[in-house]
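Next up: some structures, all given as structure tokens.
One chain, chain A, appears in both complexes that follow, with chain B as partner in the first and chain C in the second.
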Partner chain A sequence: MTGNRLPERPGEVIDRGTSLAFTWNGQGYTGYQGDTIASALAASGVEVFARSMKYKRRRGIMTADHWDPNLFVQVGDEPNVRAGSRCLVAGMEVSAQNVWPSLKFDVGAVNQMVGRFLTSGFYYKTFMRPKWFWHNVYQKVLRKFAPGGRIFWESSTHGAYDKRYAHPDVLVAGGGPAGMGAAIAAAEAGASVMLVEHEPELGGHLRWGDAADLAALAELTSAVEAHPGIEVVIDSTVTGRYDHNWMAVVQRSHEIAPERLIKARAASLVVAPGLIERPYVFAGNDTPGVMLSGAVRRLINLWAVKPGTRAVVLSANPEGDAAIADLEAAGVEIVAALDARAGEDIVEVEGRGRVDKVVLGDGRTVSADLVVIGIGWTAPTSLLNMAGDRPVYDPSAARYFPNQLPDGVLATGGITGNGTTDELVAHGRATGSLAASRALRSRHDRRVLAARARNPEGPKPEFLQDTRTPLARVPHPECYRSSTHGMVDLSEDVSSKDLVQASKEGFDSIELMKRYTTVTMGPSQGKLETVNASAVLAEARNMDMVDIGTTVWRPPYAPISLGALAGRIFEPIRRSALQDWHEAHGASPLLAGQWVRPDHYGDPVGEARNVRQNVGIIDVTPLGKLDLRGPDVTKLLELVYVNKWQKLDIGRVRYGTMVAEDGVVSDDGVTGRLGENHYLMTTTSSGAGAVWEMLEDYLQTYRPEWDVHVTAVTGGLTSINVAGPKCRELLLRLVEGVDLSPEAFPYFHVRRGSVAGVADCIIWRIGFTGELSYELHVPSGHALHVWESLLANGEDLGVRPFGVESQRILRLEKGHYIVGQDTDGLTKAPSAGLGGLVKLDKPDTLGLPELKAAYARTDLPMLVAIQPDDPQVVPMEAAQIVDGDSNRILGRITSSRMSPTLGRSVCLGQVDPSLAAAGTKVTILLIDGRRVTGTVQEHHAHVDPEGVRQNA
Partner chain B sequence: MIVVNCPNCGPRNSSDLRPCGELTPRPDPSTASLSEWRTYLYLRENPAGWVTETWYCRNGCRRYFTIQRNTATNEIRDSEAP
Partner chain C sequence: MPDFKSPIAHGPVSAPDGVVRVEDETATAKIVVRAGSDSSAAADLSVPFGQSRLRADGTLVCGTRPDEWTLFAAVDRAAEVAASVDTEGFVSVVDITHGRAMMRVSGPKATAVLAKVCNIDLADDMTPDGAVFSGSVANVTCDLLRSDRAGDPSYLISCERSFGNYLFAALVDASTEFGAGLPAGLSIH
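And then the complex of A and B:
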């Protein structure tokens, strides 16, 4: 099936030696290497590609490029593929998407049935009432109408996506003659250049031009390729421009990812997107066989596809005239060549599924199967708007032009005016030189700022004024709508009639009209239809186009897949020096913040029991550790902790809680004094970074006169907690230089000594589990040796590693709360049950006024220990505590576990102060709707509230 | 994403830094009324125009510094360490 393929064309991009087999709706087809899906199907005689969104009208090729409003197809498991630009690949399974009821079936009847629902504002008018109708009827009907393809989220074969960061001096958006000229000149001036081209090859409109165009293209391409300072990125679009020239470039084909996001910071942005051809509004303008002049020229000259046999051409410009020549060369009979500049016009196209008859402005009706429209251009000013420009409409040239741009953004090419190829290249070159000089000045500034020591490479380049000769604005007639009504937005099925109606209903500003009718809100995002919509509104309101304006262009200019936005995650994963050992010994991984940790080694309950009975060891390296030195450390501790720190002797450890300036509990941990001016602070694992930054903040901005030096040593020291009644016996075998006897080394003290031959370990007697326990901080390079020595020397004592889950069980038995789990963003110090720990008589501590206010209140929730009365019931964490009669929420369970030590469930929870007294019965609402009762306990600790075990 | 000049590290993507908001002096907590304290905690001028902001060079030198930023245009002037 090569019925429409022409003999070889001079600029064709297909390789006739490489046939590619593919399927379309299950039937076999072939195309050539270099074809797009659309060109291959058109070459095989396919005319209808899709059904339109609302009215389910047949749709074919309109622009034959990325912006073709209806060429969305399913390719394998990938939905919404743009057939106008996606290159054909052998074996592709292509199908039309959601063509309910079918691509061929005539849906005239359906249309009449639903058509009355689908006028302007139908979303707002039809689906409002009655409410139950939404779920039961509207949603189901709308789903049938939705034009998207199918997703296969469970079996996607798309692989990994990726992203990249780039820092070119100059980024050129658009690789036509002006953009290529700009890239060459900028590179010659010494700038590094990224040249981004939307199509799979450089050249812009030269690619489908005449022999002179092709010769100019060859020359420009070789100049670009020859310059090492230019990186060419094809099949890619600059889809967003943000502050300080931060650009998002979507790269659609890349060897390692189906789509890649390039985040580029450029000193200068050159905007050279060319022009987008605009459709014409008339009755039947969406019938397959109605194409823009660019579409037929691309089909004929790039892919050697004959777009029809008998054509009516409406032209208002030289490009439209050139289409006539191309059609003739392709053997298409020109039934009528209408000159819009002389007032000739098309009134209506008739035909179902393909153009059949055309009613001309002079009243004649001719038969034809192709209508070619070349009536004008839209300036895609999107990137300029994103840079703050408000382009201005020029009626004499019938399009918008750039107005005022910041120094770092320059426009060139068709978007700024008209010219011959030479004139476009010259303007591009002048723009490139200007862009480079501004970029090199900025590079100089950057180097001066980056480091005083670095060489800024000579004097600062001079600021060049913009002395470019502007391109001419060639007069062009304003052709927007014929005497009939037709489609304005072919993606959203919005007609000019709909717009006129909306204007009459009062939605007569372009932005209101957009929301009301959804015009410009489809996949085309205004590129084809926004100016026609303004023109229809101007006509309806009898106003000038200049006063109507357009809808705002916002990023993304070209669509981007969610996969590319997610890209590769650059967040590093932190592993302790022991994580390899944990994984080799069956640890189940737990992701906690940036860290991967051993959750358990297969038996969390058994591991917990072993700590209570024998001895266990756990890797607690993620615990934040800050080494504090200097004569003013005590002042810092007094400031950031709620308790007092003046009388901490060397060798002592103290527990402290931190609150933020709003009085909310923010972190907790212990700090020990290792020397006269030397302390080690520990923080929660999740708060390690934030506490460090907070200390630096107060030291740098609030008390810069204090002499304190903070060093984060979280990863440098591997932390091992050795816990259980036999832990002292185990450590006696390995520790040298420290008297471990309870009298010499009591609870909440710190010593330094060697462990398993590793000198200078910090050993402190504290613990989260409620058992006798020691925490070892070992230089990480020796951590594995210490860990393995503990296991090897304690076999007879029953030593076993335990994971985070066991630790959570043990700490809950002991009633220790976790900041962020048992407290939340509203938990003020009194709620956490800190009681006497908080000292309000200090002159300065974080959140002091809030603390004072909080302690004056009696209505704050309280953290209490709760035991369900049925010992086998473990309420889910976050289960609500409610008033048994009114169901008013009075609190929630914050932590819950089955306690292996007690053989019953244990909880911590936040409750209304009226329920906080020991012995109070509370009603807990389970997730399955059952209500159970629980009893508030006297102490937070369920096990050993007197602390006999830890003080042993 | 804007570019912020750290006085030590030079121009950086703002994602390398942490914005700490308008420079707001901390009242003396031993004498401040609750209302003055909450003004410090929560109330900002938030002008559409020039504002003095604190930034933290989180992925670089870890210094806090201030800049002048125009919130309407994102133009940035002289940065300095506090």
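And then the complex of A and C:
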């Protein structure tokens, strides 16, 4: 550590007892606990931190805070770390980013030699032609120059990002004296407060102020800490304000995550960001050693770093003047103290790696290594703009001020005017009280409205008018540019000369100029340069600043990582009560929507064969199940299904198909009548939620007079289909209270009984496999017992579990279609092969007019069973059915498998009606370009079309 | 009858200092009652939407939605509790004991944990002890009840049974900020 570290300063934030070792470009350095990366390096004598984006000019500390455009560094595997605000941590490996071969010597600096060719619109003008160069040359070369550090896809060590929600009554954006005052007053008024501070500590400019400032800070901090109603969130930025005061707060360096997004919904937003010090435009204004007054005061007072030895100071305000005092106290020689208020000026700075000479406005040239600029402020009105405000420029104060704000948004502090610490705190307190009163009125309303909330104890608070005494607007000279040209946007290397040229080329509105020159489009996002850009344009066009306007502030105000926006990845996964068993027994997982299901247990074909020969059991829990009760259930079923439901006896089951209003098939399933006014409806697995919502929609809006209650019971009833010629024999061993004989319990009937000692099971005589089968709906808390009992008691019968893939094979053999696979978003009922199921003579059914129209047509495609003539060819699903050798599409294969029962391939397909007759030959275009023929079958079922097996 | 099995495969998870605890309470009888507000059942249950009360027989009655109540009791009391509902008029009583997973997050940091996965205002006056509400918790639609314990906030959260294991993992995951450890095999992914 060299001699740039000063003796102890009153307000310093470093812990001199804790040294931290780190590296910078591979060399060892030490700093103190409390240092930022930049302050530790500056204390060690480092002057150049980066190279600029376009011209690769050397860059040093400019603002010494989060917004410093020159302090982007790489820390380990993390790029774009802001060294002006990131606290030093022992072991950090810090390096300059985007330099080659080194920070000291960067080849790209040759761009400075050809700078006059790289002016406004250079990219647009240069990289347009020849067109093929764009991908092959330009893109590759330009990417070499793109800033942004290095990312390490494979070895990145950062942890998960995070997110949380908050509902403060009042959110205060900015923890300076006004913001702290607002937070305290709001909390004292009974509001819950979230106080968000951009820096690692509260206090704003008081932190690097004089003894009186530090005393005021201590008092404010104590008051904030003492109030339990204030949550302080430091090193965080309110980065967006959206409708109804929905705020996005990015919280950096939280211990559990690199970044966290706080989604805060506040009744009142207090905007108290203070002011951002603005650079001055003159030749050489980006030379290392040119710093803003706030930067030198922060370096000296927070981190005890001497910023230089011989300084020229240009000041237009008391803060600039205060820098002179701090510099003198730090032992820096003041070579020239220039008063901009009196017209004194700086014209040019010379020096490469560091300021060397300074040309003053009076023509003198002085030797110095530090130039301190204190010429004015930018009002960071971002959150106000996001609230709909259009801030107005006041030339007498040389900055923008708030204009019209909604009731829920209030501004305080430096953004509204000037004042002493006491005046700022007082204005903040008044603002906090006002914000609290408005928020508590809103809270009162919400408590009245929310059924869960405690009723308000008293009357609604009165609406307080805004009677605050405004802070004064102290006159300030308009200092934007000297008589020379210099950098306006240090992030993008855009100079005032570039802007003037853009204006001359016709890009003379601020928004056009921004897009043409990229000014304000870099990482600074206008915080340092937007007002200067407007000023340069105003000067170029000989207009007033008021008429020029500014570019629009949009979220995010501060950068936020994609990781924080994503937060934790919550993708709910649904598991049946048997899924653990499936996984423990080698099931291959299948993600079907949100469900994870057993695709197969290693041998799907063998599993399917076993169902045909012996008995298999499959977990079909995702099947949607809706409990319907009430005297009007039949009316509901008549409405939503295409077939008739008036005469369904208790204990009977019926298949039904639903269509949407447009007549397109939307879902299907069976519904059983369990009691006089009690039915159980099943839906497709993927359609369960939509059907439930649709039923509730109709019951609550179109037919509120019907007495029907719908309860979703999908997960509560674990569904086990027991299928195969030996399934009855197996169930006879476990079922009690139900006569399973075919006479007493035929196909499409439902009973209630106990299975393996588990009462209240629902037993259906239904299936999807074409085999004799029963479907057990078992209370899920006992499902595993029933599943294991089936396996244990059917060992001699050859019982085996089978998965979804086996079921797909079996159902295709049987010709059962799947909604969404064998139909699509255009498939009207006649095209699904529903035939006589649809009853057009019902008084009302969803989609009935469309159904009538559809059944009057003869041109709709038809669902048919197809068998390829070469039995070993299994056309890929979605393979096209074409017209002979032409490519005219006449249909498609919707399902296909090799049938283990038949030893040949089988398909379902949608075909043009001209091809739907049994025996018709169709041409199937395979994915490899071959064409094969197939024959349309008489029935959808390839296996057992008469239903002998399932009706056994 | 075999033992009742929960979809949640893990026992309670606590932070070492006890600031938060996540535990499975699926083994609870859950009876949903649907009835008109002018029915005898509604008068008998006597709990408005959004609130709850503990009946003398130990049954917790929650006003889950307008004209809908959920009754919680010991898991072996499901039939008894269901039978206790006055079914005069158009009233539905459905036993959803097996259809809902339920878990409790409790402790001084319980609210902070829930605020990481649920966007509802959980302030004491907006969601006081006894409040009943519904919302998204870690992207799962849930019914929630604030049911404080020993002066600390506590939330009973129920969801469709098949989401149970995932939701439990999500709540434990949210608790890790406050010191809870994620047991082996428990993951939100």
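In this text, the second predicted complex is superposed on the first by the 756 of 952 C-alpha atoms of A that agree within 3 Å, B and C clash if a C-alpha of one lies under 4 Å from a C-alpha of the other, contacts with A are read in each partner's own complex, and residues count from 1 in each chain.
In this text, contacts are C-beta pairs under 8 Å (C-beta built on N, C-alpha and C of every residue); 3 or more make two chains touch, one makes a residue touch a chain.
For clarity, every value in this text was computed on a predicted model and none was experimentally measured.
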Query raised in the report: Of the two partner chains, chain B (first) and chain C (second), which one does A:763 touch, if any: first, second, both, or neither?
Result: neither
Query raised in the report: Should A:701 be classified as contacting the first partner (chain B), the second (chain C), both, or neither?
Result: first
Query raised in the report: Counting only touches as set out at the top, which of chain B and chain C does A:446 meet: first, second, both, neither?
Result: both
Query raised in the report: When the two structures are overlaid on chain A, which partner does A:283 contact: first (chain B), second (chain C), both, or neither?
Result: neither
Query raised in the report: In the superposed arrangement, does A:734 touch chain B (first), chain C (second), both or neither?
Result: neither
Query - Which superposed partner A:580 touches (first chain B, second chain C, both, neither) - result: second
Query - First (chain B), second (chain C), both or neither touched by A:173 - result: neither
Requested in this report: Could you look at A:848 and tell me whether it touches chain B, chain C, both or neither (first, second, both, neither)?
Outcome: first
Query raised in the report: Does the superposition put A:661 against chain B (first), chain C (second), both, or neither?
Result: first
Query raised in the report: Is chain A touched at more residues by chain B or by chain C?
Result: C
Requested in this report: Using the superposition described at the top, list the residues of chain A that contact chain B and also contact chain C.
Outcome: 265, 446, 450-451
Query raised in the report: Which of the residues in chain A end up touching chain B in this complex?
Result: 242-244, 246, 265, 446, 449-451, 661-662, 693, 696-697, 700-702, 704, 843-845, 847-850, 853
Query raised in the report: So in the complex, which bits of chain A are touching chain C?
Result: 162-167, 192, 256, 263, 265, 443, 446-447, 450-454, 568-577, 580, 595, 621, 627, 629-631, 707, 709, 711-717, 756-759, 779-785
Query raised in the report: Can you name the residues of chain B that touch chain A in the complex?
Result: 1-3, 5, 9-11, 13, 18, 20, 26, 28-30, 32-34, 37, 40-41, 54, 56, 58, 62-64, 74, 82
Report task. Within their complex, state which residues of chain C touch chain A. Result -> 1-7, 9, 27, 32, 34, 48-51, 63, 90, 92, 94, 96-100, 112, 115-128, 131-133, 138-140, 160-167, 170, 173-174, 176-177, 188-189
